[in-house]
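Two complexes, one shared chain (chain A), two partners (chain B, chain C).
Let's look at the complex of A and B:
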């Protein structure tokens, strides 16, 4: 039963959505953007839930990934798909520079990562020969035509980002279920005791940071080739930090699918409902949502709904 | 060359004065509640915009707007406190995200009401320059902000060391349980620290409006800067905050003078990272380690 449902969901996601919205590129574009946020939100949740670290600097990984991939494909002629993976790798490499921050906790880690994000943004602006500086990069190669499907278009982009998000969520799930996940959960409860029994806590945290950075970098690289344009203020914009956090908190960052559903809900609501009402300050609604979730249901919406439905089932039994 | 350097040092010193008033508020609240209020810079920003509204709409001198700004900022600060004190589980992570959200609400609220334009006082007196010893230039506003900020911080310093309530704030910062057993009311003391932080934020906001320019995104910048300064200082030392703030101010103005204005933020950030990694408990003997 579960498998059939899952299969149906996949068919709807891969075939139904493009068929339904293929004629309305605007809506499909919004969904692609929402999935882009979803990818970062999954990466953020992985670091927050498993690593126990709040990051205010995921824009850094997003930016490094997008510039890495764009520069590789434009200046060195690397084909787009390998370039996207290398972009993710570049972001993971950038996270190595952040390793010293791992011994910081709570607010110190969060703001140290924010400082890194600022530094990367300034570097991208100043390294004009490679990144094109503040003027940005124009006409970044788009995704190629593969098996008769134009991956450079809206529908192709949708299929690619959907696959990236699904794979990221599966990776998150796999890590969570693994022995690593157990060790990380134990670390969340009491780090000292976990270290005493021989869990290499710093290595595990570093691995989570690198994985989170890699996913975010791949998503950033996808976005660069999808919109085919980059500039530092856009690639390192705090939007890439704020929206994923709101999405992950809203959906429930301790679940695998919460961040994805949260991103879809938040981004589409934001663009279709709040932006027309409040053209300039529509992010205010995100702030309200963040505060409301933390105060009313800190676990997020998905666990709250699940609790409710299982509660009802018990009542019936 | 020497003149240029001296001028940079002097401007940095003056900037450090108002950075310090922002940072001391953040540090006080962190002391009593162990929470970094990520909406602190937005409180400063709110005060600046109230001064702007009072001046542009009613032709009021920005300094005269301080009582009104204090009332508004104090109220908002109390709301922040009330919301924060409702957090029960995962306090460290959730308080960060909650205050982050409040900051987003305030920034976008200000953006909605006053638009994204850059504002500065229209009162010419504040922008008249003052020449000291024939070589050092400063605007009247900068001098007023520096002297006023120093006086305010001296008052807070005295209060922390000599009044019963001020000592209660320090007691709560150093050992919450022991302080409570000695008859310190934790809630009352926390509220007090939030109110003092609001007072300092109000003053800093008006100072920035008269001496610099304000725009909605500034709040976030100020929060980060204040955090960097408290890390440099080591939590729980007011004179450390003052020295850290002046250091940041001077480094920034030297960077602007000799390198490029676009690198201004970079210098502070790099210093912050270096200090975090080399000496996580700050430069001025914070007793408590910031890191594990």
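Let's look at the complex of A and C:
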């Protein structure tokens, strides 16, 4: 039964959504944006839930991935898809520079990562010959036509980002279910106790930081080729940190699919419902919604829905 | 197996360990006693790599331990427990042992985990949350179990019997003896209850103000005037 539901969900996601919204590029564009946030939210939740690290600097990985991929494709002629993966690798490499911050805990780590993000933004602004400086990069190559499908369009972009998000969530789930996941979960409150049973905690945290950076970098790279334009203020904008955090917390950051659900819910609600009603204050409604979720269901939307579903099943039994 | 040569630890101006030198042979059981603050746990922390010594040398089976991180020492075969139980968070009892086995021993052997659970009387609690729902004895047993799951050849037990009432303590001691014999372990155990130590260990080390003041058979050590003075301030117990 579960497999049939999963298959149905995939058919709806890959075929139903493009068929339904293919004629309304605005809506499809919003869904692509929501999935872009979802990808970062999954990466952020992976780092927080498994690595035990709260990051305020995922915009750094998003920006490095964006610029890495864009520069590789524009200056070195690397084909777009390999460039996207290399953009992810560039972000993972950038995370190596952040390894000293792994010694820090809680808010100190979060603030150190925020500082790193700012440094990368300055670098992107100052390295004008490579990055185009404050003016940014124009006409970044779009995704190619593959098997007759124009991946550079809205529908193609949707299919690509959907695949990135699904693969990211599956990678997150695989790590979570592995012995690594167990050890990572175990060491949140008892790092010394895990180390003396042979767990190289710093290595595991570094690996989670690199994986989270890679996913975020790939999402950033996708975005660069999807919108075909980059500038430092946009690529390293705090939006790429704040919205994914809000989405992950709203959806349930301790679950794999909660951040995806949260991103779709808050972004689409905000853009389709709150923004038309309150064009200049719609984010306030979003804030109130997030506060309400934290108060009513601290675990987030997905755990609340699961509780409700379990409760109903028990009620029917 | 384990050799310490002139090990020193300073915490600021305080010398927690002064020139500690001793050796533990394969399969040997050694009791480590001394008043509170004598440096017993510091000694365990140095051997297991939780803290770095200020000076001296440590070797385990001929390999220097200096510069080796705690998790690598666990993989070499040095298992330890903590005085205040530290179960791995967000994990069941069985998952605690799985993490220790996968990372410490580098194997995946559910049968051995079941065996450890049985030996320590934890089988019924295997799926219980390790941070709650356990009695003190079970918490202590889990501390031993985690260390055992790393497949150690040397087990450092820090007051695993402390706080247990007489019957539980006796039963726990029997389990420890069975575990030691089953896995042919060398054992260093910190304990304040001298008869317990005498029953379990043919050799006792006494630590006072960071210095080893006696090393020998329990009867001789417990009659040593300096040992008695360190505990009571008097020369007779």
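FYI, the second predicted complex is superposed on the first by the 307 of 317 C-alpha atoms of A that agree within 3 Å, B and C clash if a C-alpha of one lies under 4 Å from a C-alpha of the other, contacts with A are read in each partner's own complex, and residues count from 1 in each chain.
Everything below uses one rule, namely that a residue touches a chain if its C-beta (ideal position, glycine included) is under 8 Å from a C-beta of that chain, and two chains touch if they have at least 3 such contacts.
These figures come from a predicted structure and were not determined experimentally.
S.K.: Going by the contact rule set out at the top, does A:271 touch chain B (first), chain C (second), both, or neither?
M.R.: neither
S.K.: Name the contact category of A:187: first (chain B only), second (chain C only), both, or neither.
M.R.: A:187 contacts chain C only, not chain B.
S.K.: Per the overlay, which chain contacts more chain A residues, chain B or chain C?
M.R.: Counting contacted residues of chain A, the larger count belongs to B.
S.K.: A:126 contacts which: chain B (first), chain C (second), both, neither?
M.R.: First partner only.
S.K.: Under the stated touch criterion, which partner chain does A:237 make contact with: chain B (first), chain C (second), both, or neither?
M.R.: neither
S.K.: State whether A:197 touches chain B only (first), chain C only (second), both chains, or neither.
M.R.: Once the two structures are laid over each other on A, A:197 reaches chain C alone.
S.K.: According to the stated criteria, A:288 is in contact with first (chain B), second (chain C), both, or neither; which is it?
M.R.: Only chain B is touched by A:288; chain C is not.
S.K.: Would you pull the chain A residues touching chain B in the complex into a rising list?
M.R.: 48, 52, 54, 56, 100-101, 103-108, 110-112, 114-116, 118-119, 122, 125-126, 191, 238, 242, 245-246, 249, 278, 280-284, 286-291, 294-295, 298
S.K.: Give every residue of chain B touching chain A within the complex, in rising order.
M.R.: Touching chain A from chain B are residues 36, 83, 86-87, 89-90, 92-94, 96-98, 100-109, 111-112, 115-116, 220, 224, 227-228, 231, 262-263, 265-266, 269-270, 272-273, 276-277, 280, 290-292.
S.K.: Taking the touch rule as given, give the residues of chain A at its contact with chain C in the complex, in rising order.
M.R.: That would be residues 179, 182-183, 185-190, 192-201 of chain A.
S.K.: Name, in rising order, each residue of chain C that touches chain A in their complex.
M.R.: Going through chain C, the ones touching chain A are 48-50, 69-71, 73-75, 79-80, 82, 86-91, 95-96, 98-100, 102-106, 108, 146-147, 149-150.
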